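Okay, so chain A shows up in both of these, paired with chain B first and chain C after.
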Partner chain A sequence: MQFDDNVAHYWRFFLSGTMTTLWISWLALMLGGAIGAIIAHMRLSRVGWLRAVAIVYTEFFRSIPPLMLFFFCYYGISYALGLNLNPFTSATLALTLTASSLMAEVVRAGIESVGRGQWLAAISAGMTPLQVFRYVIWPQALRVCLPPATGVYISTLKDSSVASVIGYIELTRSGLLIRETTGSSFDVFLIIATIYFVINYGLSLCGGALERRFRIVH
Partner chain B sequence: MYQFNLSATKSYMEVLPAAVVTTLLLSGLAILASIFVGIAGALCRTSNVRVLRFIGGAYVELLRNIPLLIVIYLVYFGLAQLGLRISGFTSALIALTLNAGAYMTEMIRGGLAAIGKGQFEAARSQAMTAPQIYRYIVMPQVFRIIYAPFGNLCIGIVLGSALASIVGVEDVTSWMHTVGSNSFRYLEAFLMAGAIYLALAQTINLLRIGTGRWLLSHSPSATRQ
Partner chain C sequence: MSTEPAARPPILRIEKLVKKFSERLILDQVDLAVQPGEVVVLLGPSGTGKSTLLRCINGLEEIQGGQVFFENRPVVANTKNVIDVRKHIGMIFQSFNLYPHLTALGNVMLAPMKVLKESRAEVEARARELFRKVRLEHRADAYPGQLSGGEQQRVAIARALAMNPSLLLFDEPTSALDPETVGDVLDVMEDLAREGRTMIVVTHEIGFARHVGDRIVFMDEGRIVEQGPPEVIIDAPVEERTRKFFGSILRE
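Right, the complex of A and B next:
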């Protein structure tokens, strides 16, 4: 099989697609992390209905295919609420919802990793609950959260390829467009697959390094 | 103002069962096939032959880091360009199996790694044959370790099967898209299809939890721990 030279002429397009993919996934990870942190605190709350809401939230987004969320955020919201969302907003919303349910579990594990005795000790030292979180729980939880958070970023990067179906021009959509102009599918998708692989494999190596660095010896 | 009207999807209800069957068939076949791929992959990764170990490792890393959608496109468009014409269903099944097989490989490898070498030696010194060792020593322990991630993986496969609708497979997601674009009832269609996926995923989840309870009450080591 001969590699199609035409495809290589579109390297700028591949590059901008890669940047867009990295950017939207990062955005979704940050927004999802913020929402996920709130959900995680609700999940660990002593108030029963807050816990219930948090469980339903995470289980719901864990049980819905990302593709359907993209459809819903793009078409569903447009028709139901009369809002005209552009592909970028819809894709960010769908990715954020998926990422937030994953991040909720990550943050919950992080907070639970800090022993209960520390909470009691801090309270008995006269700290307010907010101070306990700020100075005792969160700094330690963050170390535990970082390695799995890179896993969520990888998963979000992979999910972001689905944004191509609602017409958002990220890496996969760029590939589909290049495929239409050059007519060579295999080459284009091989390049796309390589780009995703390099990014995600690099990230997973970083995650592994973080895990080794932050390992807490009990 | 938008009028919520679930009965608007009524005229599409008669094609829904076929869509559900397609989703079930695709995910079921992918689960079965990926178990075999996973066993083969795990045997490769733990093999004494270096080349096999490398192939196993490369397979896992490649498929875990490339989005499933890209794998589907590679199989669907790529093989067509190379002259192999296969249906959307077959290419989605191949792609799903390849993708899930990588996760199965890691899962089974992790399960096997948890069994100490000493157990094999002890079993062999009791004159157990290799099939006996796997049947009575390895499998019961590995099953205990992997049933939970296996459940999550099955949910992942069901959710991943939704991507098959992009290459023309008429599954539940495709049904939702058809209803939505024909009747502009995306919200209702989403709720219907979402409920189906939710039911499928939570059924697997409950089975997983049930298995865990069953294992706990039938565990010879439960009192020891």
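Right, the complex of A and C next:
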């Protein structure tokens, strides 16, 4: 088997696809993390209807395959609401919906991992509810959230490849276009797969390093 | 204090307090007043509501009847006012409940800096002083996970003192400790009593109650059975239930 030199000429295209993939999945993770954190706190609220909304949101969006969400966010919203979203907005929205439903569960588990005694100590010291969260609960929950959050980022980054079906030119779509031009399927897919692997393995290492950095001394 | 009991207003006044968990009655019409500087020791069998009573005093528990007044202000759970009341009441827990992500010093400094908004320098000076008081000046930079139970509990006491509280609540402070570290914690508590701190202590340490307590309150089944000076309540109680309790404990 011979590597097609032609494919290598498209390196700029691979690079821009990679940057796009990193950007959109990072954006989805940040938005998903923020929305997920809000959903998690709703889920832990004493107010019944807030809990109900959170449960429905989480269960709904984490049960639907990303492909369906991409179709819905691109074609569905346009069809149902007459709102034409561009591929970038649709893809970001679809990824954020999935990521936020996964992050909601990660954050909830993190907060629930902090023992009742921590709440009692902080409340007894005269802290307001916000201070209790900020200085005592969140710093401890964050440590528990890090490993699963890394997992969510990796899966969000992989899910972003599905955005190729709505014409968004991220890494997978870039590869498909290069393949059409060069006709070298195997080489192109090998390069793309390698790039995904390197990124995700790098993320995994970063997650591990962060985890060690914030480890609580026992 | 016993010569003129009505001269000073009580720091804490509990009137006809009723606490239920769903339908189960935990505290039944409890009346208790505590004078400034007094050390009150709550004794009684397990599950008689002593710890619950402490949690009602700083509004950690909602109550179903009666009233609690701290320095003449009503303590009502889940109100804005109760957050302010808690700044003046220190609480020490059976399981220490130190913040594991902060050093011992960080634990002691957190609330004074964030709740009382005092400057770091001011708080750190006071915290270092408190570490000397609880005899842990060499452990200030350790994390809770690196400390023994007795050391953690002394840090927890320093953490409570850092807020300059006018009342200290101890919820079985030595029950989770190895026997050899119990003495260190009780020594610190005795020092505090001698300084004239107002303390309410739930414990099973009869020796501490006898030597340090100004008043023993004996509770059973959610009620105060009788109260008075240690030599009366422990050695010559009037009530049959009190006699049975101390009889069985002191025989051991």
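As a working rule, the second predicted complex is superposed on the first by the 208 of 218 C-alpha atoms of A that agree within 3 Å, B and C clash if a C-alpha of one lies under 4 Å from a C-alpha of the other, contacts with A are read in each partner's own complex, and residues count from 1 in each chain.
Assume a contact is a pair of C-beta atoms (placed from the backbone, for glycine too) under 8 Å apart; a residue touches a chain by one contact, two chains touch by 3 or more.
Bear in mind that the values here come from a model prediction, so they are computed numbers and not experimental data.
For chain A, the partner touching the most residues, choosing from chain B and chain C, is B. When the two structures are aligned on the shared chain, A:Ser184 is found in touch with chain B, with no touch to chain C. By the touch criterion defined above, A:Gln131 lies against chain C but remains apart from chain B after alignment on the C-alpha atoms of chain A. Contact with chain C, but none with chain B, is seen for A:Leu120 once the two complexes are overlaid on the shared chain. Looking at the shared chain after the overlay, A:Pro139 reaches chain C, while chain B stays out of its contact range. Common to the chain B and chain C interfaces on chain A is no residue. Contact residues on chain C toward chain A in their complex (touch as defined above): 58, 60, 83-84, 86-87, 89-91, 93, 95-101, 110-111, 114-115, 143, 145-146, 156, 159, 163. Listing the residues of chain A that touch chain B in their complex gives 1, 59-60, 62-68, 71-72, 75-76, 78-82, 154, 157-159, 161-162, 164-165, 172, 175-176, 179, 184-186, 189-190, 192-193, 196-197, 200-201, 204. Chain A contributes residues 115, 117-118, 120-128, 131, 135-136, 139-140, 143, 216-218 to its touches with chain C in the complex. Chain contact summary for the complex, chain B toward chain A: residues 2, 4, 61-62, 64-71, 73-74, 77-78, 80-82, 155, 159-163, 165-166, 173, 176-177, 180-181, 184-187, 190, 193-194, 197-198, 200-202, 205.
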